[in-house]
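Same chain, two partners: chain A is paired with chain B first, then with chain C.
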Partner chain A sequence: MKPVTFVLRLVLVIAALLVVLPLVWTLLNAFKTNADLLVSTPKLIFTPVWDNMEYVLNRRSVARALVNSLVICGWAVVLGAVLGVPAAYVIARVKNRITQEAQFFALSLRFLPPVAVAIPMMVIWLGLGLYDSRVALIITYMTITVSITIWLSIPAFERVPLAIEEAARVDRLGPYATFFRIALPVAKLQVLSAIAFSFILVWNEFLLAMMLTTSRAKTLPIIASEMSQLGMSVPWGILNAAVVLLSLPPLILLALVGAGLNSAFSAKTSQE
Partner chain B sequence: MRLGRSLPVVFLGPALMVLIILAAVPTLYAFNISLQNRTLSAPDADYIWFANYLAMFSDDRFLNALWVSLKWEVLTVSATMIVSMGLAIAMFEAASPRWRKVLSILFIIPVLLPRVCAAFVWKFSFHPLYGAVTWPARAITGDTPDILSSPAGAMFAVAFVDVWQWGLFFAVIILKLLEALPPQPLEAARIDRAKRWEIHAYITLPMLKLPLISLLLVKAIESLRSFDLVYVMTRGGPGVATETLDMYAYSQGFIEAGNISYASGMAVVMLVLTVVMFTVIWKRLNQ
Partner chain C sequence: MATVECSGLRKCYGSHEVIRDFNLSIADHEFVVFLGPSGCGKSTLLRMIAGLEDITGGDLLIGGTRVNDNDPGERGIAMVFQNYALYPHMSVRQNITFALERAGDSKERIAKRLAPVVESLGLDVYLDRKPTELSGGQQQRVAIARAMIKTPEVFLFDEPLSNLDAKLRGHLRVEIARLHKTLKSTSIYVTHDQLEAMTLADRIVLMYQGRIEQMGTPEEIYSRPATLFAAGFIGTPNMNFITFTVQEGRLRDGTLDLPAPEGVTGHVTLGIRPGAVEVLDAPAHDAIPAVVERDEFHGETRLVALTCGVQGLMAAIPAARKLHEGQNLFIRFPSQSLHYFNTDTGRRL
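Moving on, here comes the complex of A and B:
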């Protein structure tokens, strides 16, 4: 092995450890008592306890926030997919001024600073009497899910070979049937990963949720962040447990996002 | 390509309508509120027109937040690009296909984590008394270094977490871009006995110029969403050292004064700055 290769591999190993170690460490900390956790020399060997997890899982606020997060993100993602995926298909297939502008518009929503959305939204929802409700957050989150689903699904449909759709037309399939029975199934994996990504974005969302909820519609990230505000004695074990639980759904979707990423790039090479 | 007459309208229309409403209404509303003197406690308000905007320019804390935001953008964007290009080239040069796969999966993980979680994980690691990162310093010198309590340390620590999330993710994308390059120019360069760093500096990275600039732009946009990281790790502190514009707008509107009109004015300034800037850059890039 050349010295250069050795150095590069060392860098890669360090980078990989920077990912693995903090995650493993957090997982371990979630099962430590405060006596094991709050020590000057980090402890590798300890008696694991289930107390932190139990505390987190049994709290009413956490259970309610979990339901809120699931309902709010679920609806926002489903509505985002129903509206966004067909729109992406049109943008991918029809290339004219309107669709180009529509594509850019969907992207430009990402330029909006979250604060600039949150403040007026708060005033609007207060005025409508919907402040601190799930509906308000679902509609607000649709800004994120619709635009991201469109943006990431366009390349998925552009990859679908035109020849297949032409063949479908020869077989007398109408435009709608072509979309549902040909284009959508062919682009399935990448479209699903786009939807998964939009779910992760809203599941992780923090600022809008914090400004638009006070009690009833609070989502999990808000509850997790509040656990650190219990005065001077931060319950680090409980906090670690909450971090682990909050991180699970995005990590479960990791495989899907990874597969979508792979197919997005492999397609480019095979077509050229 | 014929899609029929109704399909484009039926498929694209509703999504566009929803997006236009969701974008236009809050934007106009924000501008409207910023012209008033509305506060959280009192629902009634008068129009004071541009007084909020004028007040900003004599508000030291606002100017500080503007400066902090600018520093944050430059720091995180440049660090992310350098780290991701370095790691991508390292993977391209020194990792076998199987290791590339493993590393790619690992490097995507941080960006998928909720930023609140990433912030907590590292905040505890940086803890002066119990943190794992500060442990070597404690063990060797006996000091208890409090990274988050010094202005520069706090800035770099928060930026580190941001780069931990985005730099590693971008490395995976840049690796895929490198793998998709045609092999002939690289072969030719190798036959001409070009050194490996020369191949990347003069051939592969220039070939990837456009996608790299797009990535840079995406990162610049995502760097604007730093609120959760800053909120959890430092709350804008120590003092106002890491108080970005969204953090300051939040504390003006919700915590200290409840002055939502003033906060709204700042939001409008941010909105105009970012939308105009990114639209111009993006349109120019895609021409």
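Moving on, here comes the complex of A and C:
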């Protein structure tokens, strides 16, 4: 191995460790007793215990927050996809002033700091009597999922060669059939990745959820953060267990669509 | 049955007119090739006939019916694209039968029509593969099969062989010619390759800058090019052009002095194909002295660059005849092989 290659590999390994180690640490700590946790030399070998997980899973607030998170994120993502994917297709295929503005508008939804969105949203939902409801959070989250789905699906549809859509037109397909039978199946993987990414964003969302819920519609990130306020001493094991649970759904999604997600973000074109 | 009639077709992008007043009528069973350099509007025109580009003005009739505003699927056409345009998520079989399924044909009927198409193109073994698993030539065969199975009234080919290597191009060209004969449909074929045009066409429509430069059988265009552009575009190696001024009924350029055709004045461009130039070793009647500049071996023939006076020109001679650089010899232009053009208008005289 050349010295240069070796150094570059080393840099990569260090970078990888920087990312992976804290995650592994969290995972290990989730299964430790407080006695194993609170020692000056971190223990790698210990007897794993299920206590922390059990505590987290058995709390009624966690169960309710899990349902809330699934329902709210699920609906926000589904509605975001139903609205965003066809919109992205139109923006990718019809190039004019209006669609260009629409594309920029979709992105600009993400420019504002969340707190600037949260306060007016709070006022609106309070006024409508929907504050601290799932509906309020679903609609608020939709602004995130729609814009992300649109923004990431546009390149996916742009990569579908125009000629195959023209071939479809010659094969007697109308615009809707062309979208559902040709463009969508061809761009499937990247579009799914865009949707998955929008799910991850809202699943992890904290600030809006905190400002727009007080009890009934609380989501998992809120409950997880509350675990750190359980008492005088920080319950490290429980906190870690909550983090592990919270990270599982996005990680599973990432594993499923990781490849597609990568190509959704890179600017390479598959054909020509 | 399936004639194609273009009368006064126009295409504008904004205020930019790319095709103006295009008139052409294509007979049933005819194989017409649109030939021209890139950007001459030939593909745009084909796409207008296909219905993939809007028609700005004029009338397009297929089989006697005006189809200007019909969708591509309702024009009775099938199209083969340059980059194949196969559906990547479908198998070869699905690609070919997709249009029939859309039209609601029964499974038995589709199977019955699929068999001969697949057989004639040798695609039997690939039916269950995805297009990406096939080579370029096979992919284009699938695309042709997809067009064939629809038994269209008009076949449209948009540079179908341009993405293939030379050898495959030759094979598929022969196949397309054979298919056209057996299917007896009307075909319109766009290409920038004159060899494809010459070998396939019943009639070539030579296009330049959005209009028809010349129209005729390959022989007609080759032997009687109507314009300087047609003369220069058709034929390999390229035709020699020598520009003269007409003085006292003679063509002169300072050193050369040739008899002029009657009634010609002003500037005249003389065209002669390299193969028609006679190369002589000894002086003869009407022969002009020339010097060998360069000698290119082309296999069967040898292409010789000659200088005569201030002019340079190419002559094609049998490869067996060897000339050396700097050699002095004589050339003669047989009068039946000469093409005269008005230098200013570019028209044939």
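Quick notes on this one:
Simple rule for what comes next: the second predicted complex is superposed on the first by the 258 of 272 C-alpha atoms of A that agree within 3 Å, B and C clash if a C-alpha of one lies under 4 Å from a C-alpha of the other, contacts with A are read in each partner's own complex, and residues count from 1 in each chain.
Assume contacts are C-beta pairs under 8 Å (C-beta built on N, C-alpha and C of every residue); 3 or more make two chains touch, one makes a residue touch a chain.
Note that the structure is a prediction, hence the values are computed from the model and not measured.
Once the complexes are laid over each other on chain A, chain B and chain C both fit without any clash. Put simply, if you stand at the Cα centre of chain A and look at the Cα centres of chain B and chain C, the angle between them is 90 degrees to the nearest 10. Once chain A of one complex is fitted onto chain A of the other, the partner contacts of A:Leu12 are limited to chain B, with no touch recorded for chain C. Contacts of A:Ile45 after superposition: neither chain B nor chain C is touched.
In the overlay built on the shared chain, the residue A:Leu37 is in contact with chain B alone; chain C does not reach it. Of the two partner chains placed by superposition, only chain C is touched by A:Val186; chain B is not. In the superposition on chain A, A:Arg169 makes contact with both chain B and chain C.
Overlay on chain A (Cα): least separation between chain B and chain C is 7 Å.
Taken together, the two complexes place residues 169, 174, 272 of chain A in contact with chain B and also with chain C.
Within the complex formed with chain C, the residues of chain A that make contact are 161, 163-164, 166-174, 177, 182, 185-186, 188, 271-272. Every residue of chain B that touches chain A in the complex is listed here, in rising order: 1-4, 7-8, 10-12, 14-16, 18-20, 22-23, 25-27, 29-30, 33, 38, 86-87, 90-91, 93-95, 99, 102-110, 112-117, 120-122, 124-125, 129-130, 132, 135, 138-139, 164, 168, 171-173, 176-177, 179-180, 196, 221, 224-225, 227-228, 231-232, 245-246, 249-250, 253-254, 260, 263-264, 266-268, 270-271, 274-275, 278-279, 282-283.
On the side of chain C, the complex with chain A involves touching residues 50-52, 71-74, 77-79, 81-89, 98-99, 102-103, 146. Remark: chain A residues 4-5, 8-9, 11-12, 15-16, 18-23, 25-26, 29, 37-42, 83-84, 86-87, 89-91, 93-94, 99, 102, 104-117, 119-124, 139-140, 142-143, 146-147, 150, 162, 165, 169, 174-176, 179, 200, 203-204, 206-207, 211, 221, 224-225, 228, 236, 239-240, 243, 246-247, 250-251, 253-254, 257-258, 261-262, 265, 268-269, 272 touch chain B in the complex.
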